[in-house]
Amino acid sequence: MIELAGVSKLYQDVPAVRDLSLKVSAGEVCVLIGPSGCGKSTTLKLVNRMLEPSSGRVLIRGRDVHSFRPELLRRQIGYVIQSIGLFPHMTVSENIAVVPRLLSWPREKIRARSEELLELVGLKSAQYGSKLPFELSGGEAQRIGVARALAADPPILLMDEPFGAVDPLNRELLQSEFARIQARLKKTVLFVTHDLDEAIRLADRIALMRDGRLVQLDSPEDLLAHPAGSFVRSFVGADRALKRLSRFPVADFMSPARAVRLEEELTSQLEAVRGQTHFLWVVEENRPSGWIEVPPAGRAMPDHPEDLITRFDCRELAVNREATLRSALSRMLGQGVKAVPVIDGNGQLVGEISLKSIEAVTEEGSRS
Amino acid sequence: MSNRWRLFYILLLAAFFVLLMSFNQLWELVLGRIFPAEQELIYPRAGLLQLVGEHLLLVTLSSLAAVTAGAGIGIFVTRRAGREFLEPVGDLTSLAQTFPPVAILALAVSSLGFGWKPTVVALFLYSILPILRNTVSGLEAVAPEVLEAARGMGMTPAQRLVRIELPLALPVILAGIRISVVINVGTATIGAVIGAGGLGTPIIAGLVRENPALVLQGALAAALLAFSLDQLIAQVEKALAPAAGRRAGR
Amino acid sequence: MLLRPSVKADKVLLSGAVLGACAFFLTFLSLRPNRLVRGEPYAVWQTAAWPAAALLALLWILAAAAALLPLRRERRPFLAAAAGSLIILCILVFTALGGGRLIAPEDALSRLSLGAGAWLMLVSAALLLLKSGRDLKRPAGRLAGSLLIAGVLAALVLLLASGRLNALGIVKEYQVRSSRFLGELTRHLLLSLGAVAAAVAIGIPLGITSYRKKLFRRPIFFAVNSIQTIPSLALFGIMIAPLSALSRNLPFLRALGIRGIGWAPALLALTLYALLPVTRNTYTSLDILDPAAIEAGRGMGMSRLQLLFRVEIPLSVPIILGGVRIALVQAIGNTTVAALIGAGGLGTFVFQGLGQAVPDLILLGALPVIALATAADRIMRLFIAWITPRGLNRREGRQA
């Protein structure tokens, strides 16, 4: 779909990109990553002709990008930047409608598309459609930026550190959103980031760059398992096994949660599971608020089973189902526990994840 | 204040103004109370309304031309082609702004003679300055990421200018127009000295004949006109403010 | 002319050179047999001997060459500055010589004025100097540039002092009323400075009040903003009635010289006009004062007075002075109009000239006013730069 053939970009004899050749297949997410100054953003901008190459060719679907007028080319490519650049004088809907209007779409089609895209990025169109950019939070603005880029349904998406300006909590959520959207739309994406974990999580293939050159082009697993040379090894870091965990969402590895409901009689609930497990989660209105020790089969049931409850702050212990195994592991290590409850967006208990299941994943990884 | 109320306020102000200017008896009454000794209380040769009309004509002609020229030059020096002229034009504007408008008027007369033509030329030349300066600062204040996004989405330079830059710079440009118009009204008042007509005429006539009633008549009318125009444009500014979304980017 | 891709033509210098070259062909001087009659136009080559005229033409070509040729670093601006200064010098000298050539020695009435061509050439040369002044970065270049300008100014002063420019109408007008000129100049300055001083005395407390008591902010700013919209002539006119009433009823005021017309209403109105820049900038200077700096100061144990003198005043003074600068420049301009209500000042000549239809007399009033306003602006800026503590982002507050 996208091909860069022997592309170079020089600024006053200083090369920012040297002789780069890269092919991105249709529907693939290719992440450009590397230390700052390695030329990844420059490479991205060569695709939609925000910058012109000093030598080499850039091809889209086999056609040289130079055969198009730059403005017409860009209207067929979605472009998302770190600082977003929402137009402050236009509402959210108007922002999304920009490229369709440039393409002279009929009004009704534009309106419908606007609504569709807002739903796609997880925002209610009735509520957000007429908001102005200054009323949005960072995460919301970034989602609108993505929606705007997808408005005219371009086959290609160029993203330049799109989640860089957002706090870490929101960044993880946005990454999940993106993964979900990409699974649905299957766009060809060229993505620039400096965050290796983000790359590992989202990429089909990672292109590691250094000093304007392509150093390694591989899938995340292959990059982590077989780094090519000392630079890649040191860039990836020693904790490769740990990094792999960023790729897996908790939801895929969790087990059903066993819990007692505080609203009901405790003793009977405890009796039911005696011998099968030595602890249970405690939920109030299906929200985890602590754990309870289950007395082993031989011991007597105490008169006040509530004494067996240890309360915790759900926010400090539970992980969101969209989070990665990596954050789950880090949570477990931080709290000194071997399992944590998994909650959904509304704080409701949907499962649990244990150290054992994570170990299983890392073992599998080290075996391959 | 919602736009509907704004419109109402503007229309009310305009109606009140017109009414006041045509109400000759009121002026005579009030001025007669203040200056019981004077015989001639209001300017005999032309009604206030007519003088207001002459004044507005001077101001409108020169302001329209100044907006075109000022905004045009402002746009030019912020484009790539005109970037080299940005600093010199800025310097020239700052320098020219220290010149008193009267001096420009005087210079215009010494080259073009008397009447309303040199007045309009002088007004035009002087009122370009605030508009030019504000056009430049308004356009430069547009956040660069907004421009990058616009370019990356496939807008042509002309589309960027018309759909993004100008709407975002509009509040600042309008503020410049407001300043320019107010200064214009002031300078046009002095134009009466060189026979340009307008509300300065009764003031000058009063000064010449040592008739303070005439002076006050012209002065109050001129002050009211200036104030009303200032309010009018201020309301237009406020009406357009939310559309440009607070500041032009962060 | 071939251009290397890395050194492009300077469009600004080129525009200046082209404008000046075109102006070369317009009227250079205009000769009037007396004050009132229209003048006869003379071109450059009719004023000066043809080699001299050719020199001037060549200087313009030189300026254009400086703009187009790929010159290195400081050479281009220096060449442009040299060309500009020499052009101004030529114009001055030709004017002086023209007096000798075109007017018979015993003819006292005939006079010269600069024509459109001369003015335009001066403006174009000034543009060349302005641009090259900006482009000269190295100290050697800047020194050379300053010397050139000083040389031109010195030449002007010399020519004026030696009487070589006496054929100019404006000089003749001056000579007729030279003592009066000084008097009006002084009066003009006194009025402007006095008004600004009064505005500072009223405006700073007003600004402080509007900051400290939020309730007063709106009304205060509404008042000073509204005053600013009133046409200057109108405000002068409005001041006449109350002051003449006061003056009639209070004899001690009459004794002080306060009357309905004259300097009193003018001073009052000028003070009112000067209030806005001073008040607004005082408010802004307090508004932008970094609360963190104040908190740090208090945390360090500074007393209220120490805080005032060591932190708040040094930080706010540059901004307030910026407002004073604007007020002063505006006041100089507005004082010109005050002549209409009998306050005197340089406006007297402007309006006399307008009344008598003598352009040179108009210029005798208008040019010094422009010079005064520009000089006041420059001096204030230098002063503000000098007293601004280093490391402070010099924000004088923006103009209205």
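We just call them A, B and C in the order they show up, numbering each chain from 1.
The criterion applied here is as follows: a residue touches a chain if its C-beta (ideal position, glycine included) is under 8 Å from a C-beta of that chain, and two chains touch if they have at least 3 such contacts.
None of these values were measured; they are calculated from a predicted model.
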{"item": "Partner chains shared by chain A and chain B (touch criterion as defined above)", "value": "none"}
{"item": "Most widely separated chain from chain B, with each centre as the mean of CA atoms", "value": "A"}
{"item": "Pair of chains ranked first by number of touching C-beta pairs", "value": "B-C"}
{"item": "For chain A paired with chain B, centre-to-centre distance based on mean C-alpha positions, whole Å", "value": "54"}
{"item": "Geometric centre distance via CA averages, chain C-chain B, whole Å", "value": "22"}
{"item": "Mean-CA-position distance for chain C and chain A (Å)", "value": "61"}
{"item": "Residue numbers on chain B that touch chain C, as the complex places them", "value": "34-35, 84-85, 87-88, 91-92, 95, 97-103, 106-107, 109-111, 114, 179, 182, 185-190, 193-194, 199-200, 203-204, 206-207, 212, 215-216, 218-220, 222-223, 226-227, 230"}
{"item": "Complex interface listing, chain A residues touching chain B", "value": "48, 50, 70-77, 79, 81, 83-90, 98-99, 102, 132-134, 145, 148, 158"}
{"item": "Interface residues, chain B side, partner chain A - complex", "value": "143, 145-156, 159, 164, 167-168, 242-249"}
{"item": "Complex contacts: residues of chain C adjacent to chain B", "value": "10-12, 15, 116, 127, 130-131, 134, 226, 228-238, 240-241, 244, 260-261, 329, 332-334, 336-337, 340-341, 347, 350-351, 353-354, 357, 359-360, 362-363, 365-367, 369-370, 373-374, 376-377, 399-400"}
